[in-house]
Structures are given as C-alpha cells and as structure tokens.
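Multiple structures follow.
The following pair of complexes shares a single chain, chain A, combined with chain B in the former and chain C in the latter.
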Partner chain A sequence: MRLLFSLALRNALRNTRRSFLTGLTIMLGVALLTCGISWTRGAFGGILEKGANVMGPVRLVTPEFAKKEQMMPLAENIVELEPILAAARATPGVTGAWPRLQMAATLTVGDDMGEHFALVQGAPPEWFSRALDLEHHIPNGRMFATDDAAAQQCAGGRRSRPPIDAVIGAMAATEVGAKVGDDLILGGQTQDGSLSAIKVKVVGISDLGSGPQNRFVYVSLATLQCMADIPTGATEVLVYGATLDDAIPIEAALAANPALSKLAVSRWDQRPPFSSISGIIGALQSIAAGVIVFITALGVLNTMLMSVLERTAEIGVMRAMGLRRGATVFLFVIEAIGIAAIGGAVGAIVGSLISYFILELHGINLGNAVNKLPPGLAVDSVIHGDWEPIMLAQAFGLGLVMAIVGGALPAIRASRIEPVEAMRARR
Partner chain B sequence: MTTTSAGSEPSPTPLCELVGVKKNYPLGDLIVHAVKGVDVRIYAGEFTAFAGPSGSGKSTLLNLVGCLDRQSEGQVYIEGRDVATLSDTELGDVRARRIGFIFQSFNLIPVLTAYENVELALRLAGLVRKGHKERVEEALRSVGLADYMGRRPAQLSGGQQQRVAIARALVKTPALIIADEPTANLDSKNGAAILDLMKSMNADNGTTFLFSTHDPMVMERARRIIHLQDGQITGDERRDLTNPSPSGASVAPHGA
Partner chain C sequence: MLSNLTLWFGAALAVMLTFLAPEARAATPTVTDLLDKIDANMTYDTRESYITMRVTKSDRVKEYKMHSYGRGQDEAAIEYLAPSRDEGTKMLKKKDELWMWLPSVEKTQKISGHMLRQGLMGSDMSYEDMLDAARWRSMYSGTVTGEETIDGRKCWKVELTATSTAVSYPKRTIWVDAVAYIPVKQQLFALSGTLLKTWTMGDIRAVGTRQFPYKMTVIDEVQTGSKTELIFDKVTFAIALEEEVFSTRWLER
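And then the complex of A and B:
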C-alpha cells in the first residue's frame, strides 16, 4: 500500500509538463470558482440585504391586504397606527418600526400631462434613513423636510401653501424632465377609489445606484396619507432588528403578541419575490459551480487519459504481476489527487487574493446594465465580492472533487487494461 | 492402444500441459488463427525455447502458458489445474505467485528503483513476509546488481535492466519463468550474459524457464527447442542428456 501510494505520487511528477498543465487547469478552475462564489455571494447577498431592508425584515399588514397585495389595496389599511407601532417597538430585539404607504401615481411636470407612472413611497424620514440611507444618496438637492406641510394642506383651508417636499429618483426625474425646484403633480387615488392629485416640489434627486430604486418618488407619510385620504393610517408597518437574522425571533414574537393578533405577520424571505429567489440563487450557484468543476474535470480527464495510454505496457506488467483492478483505480486517482492538491492549493490562494483585493475591495462596475432589471430587484451598479476564509477550504475541496471526477474515468480505463498488454508492449 | 497407468508412469506431472490448444484473434471481419492446435508438455526444471519466425505464434503460446490470456479451444493445465476452471481472480493469483515474467523491452516501472521494482513484485503477489528486504537484496545480488539497488531503470544499461527484470521474476521463487525474447533488445555480448545467467539459475536452483526466440545464439543455449511455424509445432528437439524429462529425446509429446 505504501509502495503503491509512493508510486502514484512519483507518477504525478513523472511527466512534469503534463502534470503542470493538469495542475494549472485545476488551479484556474479553483481560482475561478473562488472568485465566482465570492462575487455571486457579494452580488446576491447585496440584493437580498437591500431587498429585505426595503421590504421590511418583518412586516405587519391587515390579512386582507396580504391577500390582495399585488393590487396595493389602499382600503385595507391599518387604521390606528399608534398602538401597533408601540407594541412592535416594545418587542425584544426590535430596533425600529415604521408605517409606510405605497401607491402608483402619474407624474406631471408643468403643463405637460405625460404618460409617466411611478411608485410613490410615503414613510417617516427615519424609515427612509434606515431602509435606504436616502439622505446620503441625494447628489442633487436635499432630503424632504417634515410632515408639517402636507398635514396643513390636508387639513384644508389655505390650500397649496406652504409647498410639500418630494425626492424623486434620478431615472424618474429624467423621464419626466424634473429638476430640483420644479413643481410636480402626483396623480393617484384615494382609498375609496376616487381620483386625487397633489402638488409637490422637487427638493432632491436621488441616486440609489440601481435602476428600480431610481424610478421611485419619495415623500413623507403625511403626503400620501393626504393623497390616499387615510388620515391616520398606513397599509404596512415595517419592523427592523439590528441584523437581518433577527427577523426570525422578531417575527415569532410579533406573531405571538395578542395585541397584534388581528394583523398578518411575515418575514421578508416569506414574501415574493424573495420567497422564490433565494432558492433560485442557491440553485444557480450550484449549477455554475458544477459547470466549472465539470469543465476542469474534463481537462484533468484529458491529460490523465494520455498518461494511461502512454503507460499501457507498464500497467499490463503490474496487472500480470498481480495488481488488482481496484488497486489500479487507486493508483491513478491518487495521482490525480496529488496533482490537484498542489494546483488546488495555489488556485485557492490566487482566487482568494483576487476575490479579496479586487472584487471585495474594488468591486466590478456593471454600469447601466443593471437598470434594465425589473423593479424589486435592487441591484447596485458596482458589485463587490464577499470573500470569507472558509472559502479557501471549500475551493480546495472542490479542486479535489475535480481531480476525482476527472481522474475516475482514466483510472477505470487503466483498470480495464488486461495483463496480456504486458506481452504486446513494444517501446 | 496400450496406455500406461498413472501409477506406473515414470514421468512426473508436467508443470504445464497444452492439449489441442488453439488461439484465434478477431481482426475486423477476419479471424487470425495464431495457434492452430498445439500439444506440448513442459516439465519442472526445463530450459526450453519456442523458436520460430516472426508471427509463428511464440508470444501467443507464452501468453497462454503464463495465464495472461485464455485459449480459444483446447485445454491448458498449470501444475495440474485446468485454467478454464479458474476464475479471473484465481488465474491472477496463479500468475502473481507461480509465474515470473521477463519481457523483451524489460518493462520495469521507470519511477521505481531497482530495489523497489523487485519489491513491487513481492508485494503484488502478496508474498511480503518478515525478512522480505533480505530476499529482495538477495535476488538483486544473484543477478550481480548488489551495487545498483538504488538506481532507477533510466540510470541502468539495457543488460542491467534485464537483470533487474530477472531478479523481479525470480524473487517470488515461481514455478515457472516465462521470457518473451529476453535478449532481443540487447547486443550479443549482453544477450549471451543474460542467457548464461538464466541458465545458471536453472542449473543451480532448478528454476524452470520457458522462453521464445529466433536468435540462433539463444537456441544454442537451450536444452529443448520447440520449433513453431504458422501456429503449429514442427519439431521438438532435446539437445541435452541431462534433460530431466525421462521420456526420451526428439519425441513430440502427443500423437507422434
């Protein structure tokens, strides 16, 4: 056994050029895998984190709203917010709870009644800060002020003054031709379905780095309460913990709270689109990793097969002297693993260096491509890798898998060599 | 038809016996009849050569005797056992433990030293016991390579490589050593030396050798020469009165 093992490792060093190529193939495969995993983790991790923050890690809505969610049914709102918010905020682990209203509206600048639609989000400024960090993503202008103006306007009497602030996403602004300081008319509906419009003043143009996010219009909660004629309520209450993982205990606690028993509680990953996306992401990652392992294994297979053919006589001699088929397989698989161990180690290190110093620290700029993604998938233009030390071991392990997969077929081929080949051999 | 009973037969059981053996190879649509019905007995202690022109079936016969291949027709007996009744694994064990092989192109394992090449044969045969190191060294010493044990095949001359191959075959103390044109890749001086070495092992230890050749120099040194032509035996000459087979000289073993 020890002699066979030593023979396998010496065979690995026998044709240094070929072994080098095999090792290089594995090295590239492993490095690619490391970068790929790091980068997709970064990309999807970012999407999930952002998505969860925007959707609310845990959300409270009326059961009727949950049922017809796709239609944004304004009528199914939580009428009395204060006791709900108080109960949510008192829950252990909760760092913040805010109401939100969201509706579709037409956007009009000046006299030009355009055909432009946008989603309008209304929530307290603290929510915009927590979920979007909005105040730091307004390169042009400023964040909207308090709710006062809207509250006054809605109270009736002196209409239209003072003006109501709004922040508009960069892409929506370009589409309607809005600039900071322009008046913008939002046309929507009240909760009972009648048309309603409200005039706001564009105080800032936001750039959140992703197409979908830049198509929104952001206003205060009171502004949308006024437009939707929901004076004190909101359709959703979004509840946050310190980290995304806290969503699990928080959801459990909220669901168990009798004060909230009339509401539907759900976690971000239980709601579309994430309920289906996280599974798809996992599957896609596995497929991509599988493809890389497969292609690398093909490279290993190719070079190992050459070695097997070249050593037919020698294998025949050993088979004639009593080498069993199983031991022949062992001989070649160990050789492949020996080469893969070196190639895989180098590949894991090179891949990690690239992942960390290039992907994670600098990121890759996807430019405008991300703007074509459907709304809801908030993808940043610059995607950073997410590398972890454990990936060194994972990538190295996958390198060994490549060697075993690629080495198996040549090894089986070798074990099929009959002892009589020893006699036929001419060198 | 007066057949002598086994009890009164003075000759021992042959080490190896072929009865009506044929070997066909399919070659595309054709069938190559490499061996066309051979009857032969090889006795322990013999030093026998299959001689014949290229393509006459020498290697094919050695393959069959060496249990490297199975015959198409007829029976092959090794130490009294019909190889047709043996499974592949049993055949492998016979090959590994009872038969040593020497090849024209030496066929040493290039990444192993002379010592390791010989040791490998013991290990593959499952014959590693206490003191196997001495056994390996003794085998190499007996072929005159005491000072070359740590060398790899590439660092040895052709003659030296073939000596390692002999030591490798010998170390198992097999019943039979099969050598397919063992001197064909050597110059005449080295070839003669190798043959003398094999011959002295035959004389000193009684090791049975069966080899093939078309080299007159080699035939000169064989005690028994079985002539082959076109897959058939055309002659069987015994050239030495010390032949351990008592059945007399120049007699074909069957049906003559």
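And then the complex of A and C:
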C-alpha cells in the first residue's frame, strides 16, 4: 500500500505542469461550484422563503376559491372568519393566523379613472408586519392606521366620508404619480361584480426591494371588505408557524380538524407558482452542479489519460512484476485524488471567499428584470448569496468526486494493459 | 239538375275561398308586423319608472332599487336609491356612451367598449340590456317559425338575425304573445350559436294604449346559478322630463 502511495506521489510530481493544470481545473470547478451553490441557495432560497411568507406557509380557503383562484373570485369567501381563525390559532405549532383579501383595482390620482392597474392587499397590520415587515420598509411616510374610516365609507350615500389610509408600493406610486398625502381612488368590483370605488389617502410609499411587491397597494382588511362588499369575511386565512418547515405538520393538523372540514387546506409549496417551480429549482441546481462536475471531470480524465498513455511501458513492467489490476486502478485513482485534494481545497477556499465577501455581503443587482415576474414571486432586485461553512466540505467532497469520475476511466484502461504488449510498445 | 247543383256548389266554394284566403294568410303574422307591434309596446318617447332589481347568485340575493328615465332610443338615466352603499350612484347613457357617477369617490367613470356588455351591478343584465331602447325592427330580420303556448298564452315563435354587427346579440329566438305582442320569452345567442341568456317577461298590464311587462327575469346560461329579476314598481310613459336629467351635470347634482 505504501509503495502504491509513493508511486502515485512520484507520478504526480513527475510532470508538475500537467499535475498543476489538473489541480487548477479542479480548483476552478470547485470554486465555481461553491459560488454557484451559494448564489442559487441565496436567490432561490430567498424567493421561496419570501414567497412562502407572502402567500402564507399554510392557507385556508373555500374549495370553490381554490378551483377558480386565478380569477380571484371574491364571491367565494369565508363568510364567518372568527371561528376559523380561532380553530387555526389553537392548532399546535401555529404562531399566527390572519385573514387576507386581495383584488385587482384601477388606480387614479387626478381625474382620468382607470389608467393604471395594481393588486390591492387588505389584511390586519399584524399580517403585514409578519409577512412583509412592511412598517420597516416605508422610507417615505408611515404605515396605515387601523381606523374605522373604511366602514364609514361603506355606509354609502352622499354623506361626508373620512379618508382611509393606504400604503402604496414605490413602483405603483411612480406609475400613477402618487405622493404621500395624495388622494388615490381604487376602482374595483364587489363580490357581486358591481363597480366599486373607494377614496384612500396615501400615507406611505413602501419599498420592499422586490419588483412585484412594489406594485401593490396595502390597506386595512376593513378597507377591502368595504370595497368588495364582504362585511365580515375574507377570501384567505393565512397560517404561520415558527419556521417554514412547520408548514408540513400544521397543514396536517388543520386538515384533520373537523371545524375546518369545509375549507381547502394547502401548503405554500402545493400552490402555484411554487408547486411547479420548487421542483424546477431543484432540477436546475442539480443540472448546474452536474455540468460543472462533468466538465471538470473531463479535464481530469484528459490529463490522467495522457499520463496512462505516457506510462504504458512502465505499467506493463509493473504488471509483469505482479501488480494486480485492482492495484493499478488504485494507483491512478489515488494520484487523481491527491491532485484533487489540493486543487479542491484551494478551490473551496477561493469559492467560499468569493461567495461570502462578494455574493453574500454585496449581492448581484438584477435591475429591472425582476419587475416582470408574477406577484407571487417576491424577488429582490439585489440577489445575495447564502454561504455556510458546511459548503466548504461539500465543495471539497465534490472535487474528490470529480477526480474519481475523471480518473476512473484512465485507471481502468491502465489496468487492462497486457504486460507483453505494453513492453513491446516501448512507451 | 245535378250539373247545376255542382256548378252552384263550385261557385259557392270559389267565393268562400276568395274571402277566406286573406284571412288564412293573416293568421300567421309577418316578422315586420310582429316587430312593429313589439316596438310599439316596448319603446317610447319618454318613460319614467321605479324598478326593483333582485340579483340571485347561488344562495346570495341582492336587491337594488332604481329610479329610471328614458327618452327616445338614445338617452337613458338611472339613479340608485338602495341599498345604502349604492345610494346616489347614477348612470347616464347618450347614444353609445355611458357614464357612471360614483358618489363614494365623487367621480364620473366612463364605461365603454366591452365593459358595456358586462353585468350591471353584478346582475345578469348588461349595461346595454338595461339602458338600450332601440327598435328591434331596425336591428333584426327573421322568420316566424311556428306557434307555441307559453304559460297558457298563444305565442308566435320567431327566429331573428341581426342586420348589423353592432348589436349585443346577433341571434335571438323570441316567443311573442299573440294578443299582447310582448316577447314573453327570448333566447339570446352569440354569433357562434352559444346560448347566452334566457329572458322572460310576465305580469303584462295595459299602460295607456300599450301593453307592458311589469316583471322580467334574465337567466345567465353561461354562469350557472345566476338569475336577475326586474320588477317595475311604477311605469309612466309620455311624461315631460327635465332636460337636465340627460346631461352630465345631472350625474353630479
């Protein structure tokens, strides 16, 4: 065994340039892999976590709403919220449950109605705090107050109406030309489909860093209940646990609760767009890692194959002296692993430094590209990496895999060399 | 003797047929006759009415009270009296343009294009259905295809096809009360032949010289579980209306 190790070491040092190039290939592959894993973890992990928070880790809706969700059917609402909220909040592991209403509306500042469209979210302030941390993302103005102005607007007729507070996303505010203090008219429909409009006062302009989220208008639940003519209800009840992983047991517990049997219960990853993209994200990560491993392994294979060809006669002599096939394979694989260990270690360190100091701390700005994503995908325009110490070991391990994959074929080839033919070839 | 009798019988038969033939032809009216008589009942120079509209969607029923005005084929106005959240909402139609005054925001919203064919206040009647008073004679041609009995009333069944592309329903099958000349039942079709709505009219009463249905029911055949009833609480025709009613100034008054 010691002989094999010393032979492998001698071989690796015999052609230092080639060994250096092999090590460099592995180093680049491992560094690229570390950065790639870090960045995709940061990007997709951020999307998933933020999206799950906005969509609700677990959600309760009527079965009819679930069927026609794309059309935002306001008529398919949960009429009596209190017993549903009480049952959800009493479920083990649940840290919060809040109702939410959401509808499309036209935004008007000035006289011409219906020029701009936005999604309007209505929920208790606690939900905005839990899901969006909205109150800390209003650089201009303040959070809306929980007042009963909405109910007074709903009273109808020509009586005077107190203003209702609203926070508008920065992008929507720019599009419609709204400033803090402006009157903003939201034009939508009631649950019965008749035209409905309310006047709100812009008290804050939010910047949640995400393109889609900056196109929303945020109001109290009572405001949207007034607008949609759903006096006591909401279309969704969103249920939260301490972490996203709690969604699985909470969903199971809610689904088994007889008090909630008439509602459809679903986890965030069972609903569009995440029901389709979470699998795609995993597949993309695997494909990207596979491509990097393959290309790097190809480099190792090329180098090791050259090494085998150069040493055909020497292998023949060793085989004639009794070196068994298994030992021949081991000799070349151990040489590849030795080079990979050094290249992989350097690559893991370099990749980790880049991941941490450039990707995680600074991030990569995707600019306006994120603004065209669907509203459920709350993607920040600056994507940060997500590096963890364990990734050092993961990347180093993958470097060794690259070496084994790349070194295996030449090693097998070497083991099949017949001693007589090899010595006759004189190489 | 026999030949004389035959001659006399033949002559008498010929005279009878001569007199009866026009009667027999008049028994099935022409489409233009029917449309003229329907237009005489349903269109007007001026009209003022108080209407209750009841919209049923699945198990939810919503009731609206309206005060409606109409002048000729091109002008109509509606003010909502109830429920309280819609009180003061007004609509004004002038030719092909429609404005809606929303008191909650003190704004006038112009409704145009495809929105005119959307449900009025979420009902099964579109804005056009509610406010249109055009004469059918000028919009449709067709054939009388038979005679049927609807709710004990003898009716003429008529297949109508629009003569222009600007109408809401390119095809209609109507059942016209043979006495009152009211289309007691209508099936409204899209150009593709898809049945969109079934519209029935009942509680026919004499109002002056005309017959008028005090109850209408519209069923949306595309959206199941949806029905709209229109009950005319009071209708007055040929009434002097303020000029201001048909102006945008009235909307904001």
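Going forward, the second predicted complex is superposed on the first by the 372 of 427 C-alpha atoms of A that agree within 3 Å, B and C clash if a C-alpha of one lies under 4 Å from a C-alpha of the other, contacts with A are read in each partner's own complex, and residues count from 1 in each chain.
As a working rule, contacts are C-beta pairs under 8 Å (C-beta built on N, C-alpha and C of every residue); 3 or more make two chains touch, one makes a residue touch a chain.
Treat the numbers as computed from the prediction; the structure is a model and nothing was measured.
When the two complexes are overlaid on their common chain A, residue A:419 makes contact with chain B while staying clear of chain C.
In the superposition on chain A, contact of A:229 is made with chain C only, not with chain B.
By the touch criterion defined above, A:7 reaches chain B but does not reach chain C.
When the two structures are aligned on the shared chain, A:185 is found in touch with chain C, with no touch to chain B.
Of the two partner chains placed by the overlay, only chain B lies in contact with A:313; chain C stays clear of it.
Those residues of chain A lying in contact with chain B across their complex are 3-4, 7, 10-11, 14, 313-314, 316-318, 320-324, 418-420, 422-427. Of all the residues in chain C, the ones that touch chain A in their complex are 55, 57-58, 60, 62, 83-88, 100, 102-110, 118-123.
For chain B in complex with chain A, the touching residues are 59, 62-63, 66, 68-69, 92-93, 95-97, 101, 103-105, 107, 109-112, 116, 119-121, 123-126, 168, 180. Those residues of chain A lying in contact with chain C across their complex are 75, 108, 111, 113-114, 153-158, 161, 185, 187, 189-190, 192-199, 229.
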